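Shared between the two complexes below is subunit A, which pairs with subunit B and subunit C, respectively.
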Partner chain A sequence: MLVTLLPLLAGLVYAILNSFGLTGILSNGFTLGHWQTFFGSNEFGISFLYSLGITGIIIIISVVVALAISINYTKNIDKGKSAYLFYIPLALPYIVAGFVTYQLFNPTGLFSRIAYFFHISSSPETFPDLTNDALSFGIIITHVVIASTFFSILFAGIFKNEKLIELADIAKGLGAKNSQVTKKVIIPIILKKAFPSIVLYGIFTLGSYEIPLLLGRQTPQFISVVIANKFQRFNLQDVPLAYCMAIAYTVLIVIILFYLTKKKKLYHENN
Partner chain B sequence: MKTTKKGLLFLLLGSFVFPLLFMAMLALAVSWRFPGIMPSALSFDTIISIFSKGNNLIIGLTNSLIIATSVSILAVPAAFAISRQISRQQNKHMLLLCAYLPFTLSPVVYAACLNYYFVLGGLNGTLIGVILAQLIIVFPFNIILFMSHWNKQLESYSDLVATLGGNKQQTYFKVIIPLSGKILMIAFFQSFLISWFEFGLTKFIGIGQVQTLTIRVYQYIGEANVQLSALSSLILILPPLFLLWINKRIIYHQV
Partner chain C sequence: MKIFVFLALIIVVLSACKNDNNAVSVDYLSKPWDSIVTSASGTTVNLTMWQGDPYINRYMNEYVIPQLKLKYNINLKIAAGQGNEVVKLIMNDIEVNKKVGNIDLMWINGETFFQMRQVNGLYGPFVNKLPNAALVDFENRFIGIDFQQKTDGMESPWGNVQLAILYDTLKVPNPPKDLTSLAEFVKTHPGKFTIPYEFTGLTLLKSWLITIAGGGDALAGEFDEKKYMQYSTELWNYINSIKPYFWKQGETFPNSLAQLHQMFANGELLFSMSNNDGEVDNKVLQGLFPASSRAYVFTGGTIQNSHYMGITFNAPNVPGAMVVCNFLMSPEAQYEKMKPEIWGDGTILNLAKLTPEWQLKFNTIPTRKFAPKRSDIQQYALMEIAPEYMIRLFDDFRTQVIEK
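Moving on, here comes the complex of A and B:
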């Protein structure tokens, strides 16, 4: 496991040294100054909570949409020509997905033109801000489309592998209504089986970069965008602070993963 | 009720296909100003121009192909062999956590932490540097993928070969690899796709000098060149669509 741990540890060691002023172009010896700046500012906290909140919204909407799709269209996801079409959103790289959303929802985008054609809006300015907007609509809709497709395929697979149709028939045979079968049998089994994938997908979304970069606002920004911007700015004083943020983010992710591993929730044993 | 369900499915599938048609329209549109719902003229000139010698898009496509192929060829066999060893360890859950770490950290954050070493080794801004950086992400992904593959049945087959006098090489090449064909194919496809889609890590380690297709798309978007952004996006999604089609058609129907 050295192959995976060594680069990570090496990266963290350099980040720690840099954050304490022990290395780097502008280093003047050991200092706690960068960490004092880090803890004195709420930039990381706001950005992390914002990313976490948006990720939570994305995951909840996607799981609900995917449950509806996979329960109603299991056969269409699994077989036939429609099965191929379900894979299209997964073939979209985030940068392309962000570009398409921007071209559709920006004030001069396709939907604004359609709204103008039907006299719903009178100019690009009167069309609501749906990209780089305060409610992060652009980021949420783009992630939701990709995530709900991914979860739909995942849930449909569980539906098949866990023989949920047979289980549902048994439940109905015992007198359960359709709604009870869905709520008490199908949804709990799918969510339990898919839990590790949902959590991991949430962690990936939390660290996503391209979509918030293209569709997000200047402030608050997703955590990856904040950290990357600090590294790439011309102000070299920001670099140690960026390392402080990278360390804090890494520690938080490690704690989450460690907790999930301890609870044995990250993967199912294969026998 | 059935008609509504079919109608909704049609709408859903339509919304999946629509972005592709929309991008094709953006790539062909010569002039598409507000408030026009349709472009005023279409032209194939931009598409033809990309085949000219030294075109940036072709360079990006070539670089992406080289990087994605190299990363998959290097990561999959290594992860296949090592994941088997991990699956036999007592503390495999903790080892698996090590595999999750690089993969779950934001690639941009990870790249930023590693950048110093790439500069030190003279690897940043080089094709080899980007391949190495992507391996750091793709390799653990494959470990995670293969971990659920190693089961008691597979180990029993290996034991049987050993009992019948087969050596390690024979066990691997005559039993384990043939029985793992499906997962190996999926691993190759997935590794290729992760590398093909990669942007943040490549942007950091490649410092703009390694021009992959994702980097080109980003640059065209930054230049507000909608036509080339759409065209390069289409080129970017064609191989994934093809691979996903093969993935679905061959692999999932094989067993």
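Moving on, here comes the complex of A and C:
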């Protein structure tokens, strides 16, 4: 625990010092200027809310898809050649997954060409914007494909370990309908067991960089893209501002985690 | 118990670290060149450079590396890295007082040079020590001055290029050559033009800013806030007036030049652009662009600049890095690099200073097939403006154009 926490804490302390001008080679001493700039701009807030919203959509869709797959095709995930299909998306690095989506969905990509070939669209321009688009379709679909397979494998494991087939049989024996078994027995157990993994996966998605960089727009941008831009672009004076953003992001994530774990604890106490 | 194990682990890790600060510092700047070449022999030089172009990579791997080994017994190792990434590494080294770093040499342009000078991250001045520096055209202000900053011997010139617009003659027989005709063209061809939100796109914006300011040296010298506010307002008004006709109605812009090139290649866009006026040749030869592709510059001018090699302040192998810089400026390396089928990069040498044999070779070099002749576009060359203009344009393009 100490081995993992200490470097993180050291990094956080450095970031705090840098954001107040107390360290960094371009620093001129203590200043509140960087934080004033941070609070004077809505760039971080908009970006964080956007990232949070898109992450929420990704997680909800992925969990629903994964539940449907794991409940209906548990055996296929577990055994047989088709099981390999579930591991392929997980083997793709984010940058490659982003490129694949781009090549498939951009206006002159594969699907656009197929649509044109079958006279569904009259030209590439008439193919809908699915990459770098206002609805963030490209980001969502890429993450959903990866997350759905991850959750499917996770849920299938829970399905097996918790002996849900046997539980379902008992429930049916007691007179429950199939839909009732699914809604009242299987889904609550899977979600309860998978909750920590879902939350952690959501946090990884919230901090993802390559996919939103490639498939997103310049505004609003995912929070990691905004922070990386401040760190890496042309103005070295923006580096302390990047640290302000990184600190605020860390604090917000800790608050969200704290809130979710507290909520889960209360849920357990009441059930 | 756990804390003792942890402390023991830290002690082991720390004791394994090399004590860089005890490195012996040798003043190579006061040594004769022969001694520097001797010191460089048998050593390894670590070069960090952008590796996004297969032609440039091939030139380095198949020509530069073998030649350095053959002529100087130097092992050149190339690692991929953009200028801004290296700047961050160097800043970290400075902060922890790391006197011997991991990078000897880096490929830099004016933006990186500005940042490296800000943090005192470069070694030098070393260029005057290099014998081939005598052949360089330092009197040419596009080479001797980098982003309005004197190079002061802190970076050795490597190549010289000019921003060019790329188009397909079969699709655009008469490309727009000034801002007025571009606006008309964009309005009549919606969705076919955009500006990449990265370095090349910013070079275009800088070119347009100078054009709007009156052209030539209108923005020469240090950053001028009053001028910037006046002319950038005009620039944003111009772009916003045609933005609805941009690719994706100007609601988003490509993040990389590679994306712009790809969209040009597959017909989604009618124009791409490049900081290297000769790039169209190697893209056609690579089969990425159609043979009907050509390059041109706006009559209002486009920015011409040079790219350089810089030695890091804590380079572990200064003599090796200096020998590599010297070789890269040599007539043979510059000639090879200038061939369109190799790279097509402009030379930084003053041909008048070369031997008649080399002058003949450079003057009869295979001409570029698809790019305009250098002599034809030189009259439209604009000098780079102060780096602060680019910093402001980058930020304001987001607030004044993208978010509008």
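Convention: the second predicted complex is superposed on the first by the 252 of 271 C-alpha atoms of A that agree within 3 Å, B and C clash if a C-alpha of one lies under 4 Å from a C-alpha of the other, contacts with A are read in each partner's own complex, and residues count from 1 in each chain.
Criterion: a contact is a pair of C-beta atoms (placed from the backbone, for glycine too) under 8 Å apart; a residue touches a chain by one contact, two chains touch by 3 or more.
In this text, all values refer to a predicted model and were calculated from it rather than measured experimentally.
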item: Partner chain(s) touched by A:I25 [first = subunit B, second = subunit C, both, neither]; value: second
item: Touching partner for A:F204 - first (subunit B), second (subunit C), both, neither; value: first
item: Subunit B versus subunit C as contact partner of A:N161, first or second or both or neither; value: neither
item: Partner chain in contact with A:T108 - subunit B first, subunit C second, else both or neither; value: both
item: Partner chain(s) touched by A:L214 [first = subunit B, second = subunit C, both, neither]; value: both
item: Contacts of A:N42 with subunit B and subunit C, given as first, second, both or neither; value: neither
item: Greater residue coverage of subunit A in the superposed arrangement, subunit B or subunit C; value: B
item: Which superposed partner A:F258 touches (first subunit B, second subunit C, both, neither); value: first
item: Which of subunit B and subunit C A:Y94 touches, first, second, both or neither; value: first
item: First (subunit B), second (subunit C), both or neither touched by A:R233; value: second
item: On subunit A, the residue positions that both subunit B and subunit C contact, one per complex; value: 3, 23, 108, 124, 214, 231
item: Residues of subunit B defined as touching subunit A within the complex; value: 5, 8-9, 12-13, 15-17, 19-20, 22-23, 26, 34-37, 78, 82, 86, 93-102, 104-110, 112-117, 136, 139-140, 143-144, 147-152, 196-197, 199-200, 204, 214, 217-218, 221, 226, 229-230, 233, 236-237, 240-241, 244-245, 247-248
item: Subunit A contact footprint on subunit C (complex, rising order); value: 2-3, 6, 9, 84-85, 87-88, 91, 94-95, 111, 115, 118-119, 191, 197, 248, 251-255, 263, 266-268, 387, 390-391, 394-395, 398, 402-403
item: Complex contact set, residues of subunit A against subunit C; value: 2-3, 23-26, 106-108, 124-125, 129, 132-134, 213-214, 217-219, 231-236
item: Subunit A residues touching subunit B - in the complex, by the definition given at the top; value: 1, 3-5, 7-8, 10-12, 14-15, 18, 23, 69, 72-73, 76, 82-97, 99-100, 102-104, 108, 110, 112-114, 116-117, 124, 145, 149, 200, 203-204, 206-210, 214, 223-224, 227-228, 231, 242-243, 246, 249-250, 253-254, 257-258, 261, 264, 266-268, 270-271
